[in-house]
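Pasting the structures in now, so scroll down.
Next come two complexes built around chain A: one with chain B, the other with chain C.
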Partner chain A sequence: MRIFTKAYWLQLSSPKAFYPIADKSIPWLIAATILLSLVGLYYAFIIAPIDYQQGNSYRIMFIHVPAAWMGMWIYVVMCAYAVIGLVWNTKLSNMMAAALAPTGALFTFLALWTGALWGKPTWGAYWVWDARLTSFLILLFLYFGFMSLRAAIDDPRRASRASALLALVGIVNIPIIYFSVKWWNTLHQGASITLDKAPTMESSMFTAMMLMTLAFFTYTFAVAFMRVRNEILEKEKNSAWVNEIVGSDK
Partner chain B sequence: MNLPEFLDMGRHAFYVWGSYGVVALFMLLEVVLLVLKKRSLTQSIARLARLNRG
Partner chain C sequence: MKVMRWLVWRDMTLALRRKAEVLTTLLFFVIVVSLFPLGVGPEIDMLKEIAPGVLWVAALLASMLSLNRLFADDYVDGTLEQMIISSQPLALLVLSKVLSHWFLTGLPLVLISPVLGMQLGLDGDSIVILMLTLLIGTPVLSLIGAVGAGLTLGVRGGGVLLSLLILPLYIPVLIFGSGAVDAARSGLGVDAHFSLLGAFLVASLLLAPLGAAAALRISLD
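Right, the complex of A and B next:
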C-alpha cells in the first residue's frame, strides 16, 4: 500500500502536493458546514425545548460551548503542527500552525462574547474575574502573542521556531482552563458533558450542541485550508506550477 | 409559537440574537476576507506572468 510508505507522507507535506488537496476539499468542507449548521440551528431553536429556569437565553449554549471547545482544541492542534515543524522543519506544518491561529483566536473571542451575553441575563454580569473566564481570556492573549511574534520576525524559519516555543509554553493553560471549574470555586458552571459520564441534558439539546460543534469543526478546516492556500500562492508565486494553476484558472 | 414571539426569545432577544448574530457575522467575514485575498493574489500572479512573457 502506497499510503504506508514514508515517501508518500513526505510528499504530501510539500506545499505543491498539498495545494490541490486543499483546493478540492474546501468546497466540500464549506458545504458540510452550511448543512450541519442549518440542521443544528433547527435543533437549537425549533426542537430543543425552552429551559425551565433560564428561559430562552440558554440557547446561547449551542454556540457558546462549541466555540469554547474549538478555541481550546485548535490551540492543541496548532501546537502539534508547530512541534512537528520544530522537529522536522516541514514547511507545511508551520503553515498549518500559522493558518489555525486566527481561527482559534476568533472562536476564543466568540466564546468570551457569547459567554458575556449569556452571563448578563443569568448571573447579572457580563464579566466576572472567575478562574474559568480569566484563563480563557489568557488563551486569547496567547493566540495574539503567537500571531504577533510570527509577524514580528522577518526570517520565516526563526519566526516559526520562536512562535512554536511560545505556543508550547502556553499549552499549560489548556488543562488550567479545563479543570478551573473543579480546582477553584467558580461562578462558571462545571462541565455538562464529560467523557466518563452520560450528558446531563435533554437529548435534543445534546444533538443541537454536537451538530454545531461538527459545523465549527468543518468550518475550521475550511478556513485553515483557505489560509494555507493563500500562503502557498504568496510564497511560491514565482514557481512554474503556481503560474500554471493561475493560468488555467482564467 | 408565532414569529414575533420567536424573535422576542422570551425578552432575551438582545442576548440570544446578539450572540448568534456576531458569531455568524465574524464567521462569514473570515471567509469573505480569505476569498478576496485569494482573488487579489491570483490576479497579481497572472499579471506578473503576462509581464514576464513580454
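Right, the complex of A and C next:
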C-alpha cells in the first residue's frame, strides 16, 4: 500500500500534493461535524439526566468543556506546525499554523463566554479572577498576539518565522492552564475526566461530551483546511497546476 | 565576559549622552503613579489597598514603553547586523544589551519606588518588600521584553504590537510581584512569592537571551 510508505507522507508537505486531499476531505469533515453535533446535542439535551445540584444549567458544559479542550489543543497543534515550519522551512506547516489560529481563538473565546454564562447561576458571578480563568484569558491574548504579529509583517517568510517563535514562547502557558486547578485553590472545579481514572459523571453525559469534542475536532479541521486551501491558491497562483484548477472552474 | 563589559559600557555611554531619554521612562512612572490618587480619590486607606498593584502596573508599562529603544538605534545604524555576524555568541551580546537597558530603565524605577510608595501610604516594611520585588521583577520584564522587541523590530506599528505581544507574558510577574507586597501588608509570609519571582528570573536569564537572539536573526534575515 502506498499510504504506508514514508515518501507518501513526506510528499504531503508540498502544497500541490496536499491541495486535493484538503479539497476532497472538506465535505466529509463538514458532514461528520453536522452528524456528530446533532447526535451529541441529542445526548446532551434529551438523554443526559438533570444534575441534582445545578439543574439544567450544567448542560452548557457540553459546549464549554470541549471548547476549552480545543482552545488548548489547537494551540499545541498550531505550535507544533509552527516549529516544524521553523525547523524544516516547510511552506504548508506555516500555512496550517496560520489557519488554525483563528479557530483556536474562537474556541478559547467560546470557552470563556460559556464559562461566564455558566458561572452566573452556579457561582453567582460572570467572572472571577481565579488562576484557571486568568490563564485562559492569557491564552486568548496569545492567540491575538500570534495573529496580529503575522498580519503586521509583510514578508511572508519572516511573518511565519516570527510568529512561530512567539507561539513557542507562549506555550509555557498551556501547562499552567492545565494544572492551575491543582496548583492553586481555585473556584473553578477540578477535572472530572482524566486519563488515569474513570470519569466522575454519568455515562450518557460522558458520551455527549465526547461526541461534542469530536464534532469540534472535525469542525476545526474542516475550517482549517478551507483556509489552507485559499492560502495555497493565493501563494501558488503563478504555478501551472493552480491555473489548471482555477481555469477549469470557470 | 570582556565583550559583555565592553558592550554594557558602550550602551550606557551612548544612553547617558542623551539623558532626556533615560529620564522619560522614570518621569512616566512617576506621573502614572501620581495619576491614581487624583483618579480614585485621596482616601489613604483605599490608596494603601491599591498601592502594590498601581506601582507594579506602572513599572510594567514604563519598562514596556522603553523596550522600543532596546534594539532600534542599533538596528537603524547597522550595528545590530555587525553584532549578528560577529564571532561572539549573539545571545551573550543580547544579554549585555538587556543588562544595560535594565540599568538605565529598571534600576531607576526600583530606586524611586520608595518615594512613590510613601506617596500612596505604604508602611516601611511593605516598601522594602516592594523594592525587593521590583529589583527581582524588572530584570525579568526587560528579558522577556527583549524577545518581543526583537520580533517587532522594524515592523509597522511596532510599538502597539509589542505591547500586545509582551503584556500577556508579563502577567505572571505582575501577579507575584504585587502579590508579595499585598501579602507583606496583611502580615502573611512572602517566601513563596519571592521563590517564584526568583524562578522567573533564573528561567528568563537562561532562555530569554536565546529567544531574543533567534528573534533578531529572524528579523534581520
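In this section, the second predicted complex is superposed on the first by the 239 of 250 C-alpha atoms of A that agree within 3 Å, B and C clash if a C-alpha of one lies under 4 Å from a C-alpha of the other, contacts with A are read in each partner's own complex, and residues count from 1 in each chain.
The definition used in the following text is that a residue touches a chain if its C-beta (ideal position, glycine included) is under 8 Å from a C-beta of that chain, and two chains touch if they have at least 3 such contacts.
Here the structure is a predicted model, which is why all the values come from computation and not from measurement.
Peer 1: So, does A:134 touch the first partner chain B, the second partner chain C, both, or neither?
Peer 2: A:134 sits against chain C, while chain B stays out of touch.
Peer 1: Determine, under the contact definition given at the top, whether A:158 touches first (chain B), second (chain C), both, or neither.
Peer 2: A:158 contacts chain C only, not chain B.
Peer 1: So in the superposed three-chain picture, is A:21 touching just chain B, just chain C, both, or none of them (first/second/both/neither)?
Peer 2: A:21 contacts neither chain B nor chain C.
Peer 1: Is A:219 touching anything from chain B or chain C once the two structures are fitted on A? First, second, both or neither.
Peer 2: Only chain B; A:219 stays clear of chain C.
Peer 1: Have a look at where A:63 lands relative to chain B and chain C in the superposition and call it first, second, both or neither.
Peer 2: First partner only.
Peer 1: Touching A:142 in the superposition: chain B (first), chain C (second), both, neither?
Peer 2: So A:142 only meets chain C here.
Peer 1: Have a look at where A:169 lands relative to chain B and chain C in the superposition and call it first, second, both or neither.
Peer 2: Second partner only, chain C.
Peer 1: Which chain makes contact with more of the residues of chain A, chain B or else chain C?
Peer 2: The partner that reaches more residues of chain A in the superposed model: B.
Peer 1: Which residues would you name on chain A as touching chain B in one complex and chain C in the other?
Peer 2: On chain A, no residue contacts both chain B in one structure and chain C in the other.
Peer 1: Would you tell me which residues of chain B are touching chain A in their complex?
Peer 2: Touch residues, chain B against chain A: 6, 9-12, 14-16, 18-20, 22-23, 26-27, 30-31, 34-35, 37-38, 41-42, 44-46, 48-49.
Peer 1: Please name which positions on chain A make contact with chain B in the complex.
Peer 2: Spelled out, the residues of chain A in touch with chain B are 30, 45, 50, 55-57, 59-60, 63-64, 67, 102-103, 106, 109-110, 113-114, 117-118, 120-121, 219, 222-223, 226-227, 229-230, 233-234, 237, 242-243, 246-247, 249-250.
Peer 1: Sort out for me which residues of chain C touch chain A in the complex.
Peer 2: 147, 151-152, 155-158, 161, 164-165, 167-169, 171, 175, 211, 214-215, 218-219, 221
Peer 1: Would you mind writing out the residues of chain A in touch with chain C in their complex?
Peer 2: The touching residues are 134, 138, 141-142, 144-145, 148-149, 152-154, 157-158, 161-162, 165-166, 169-170.
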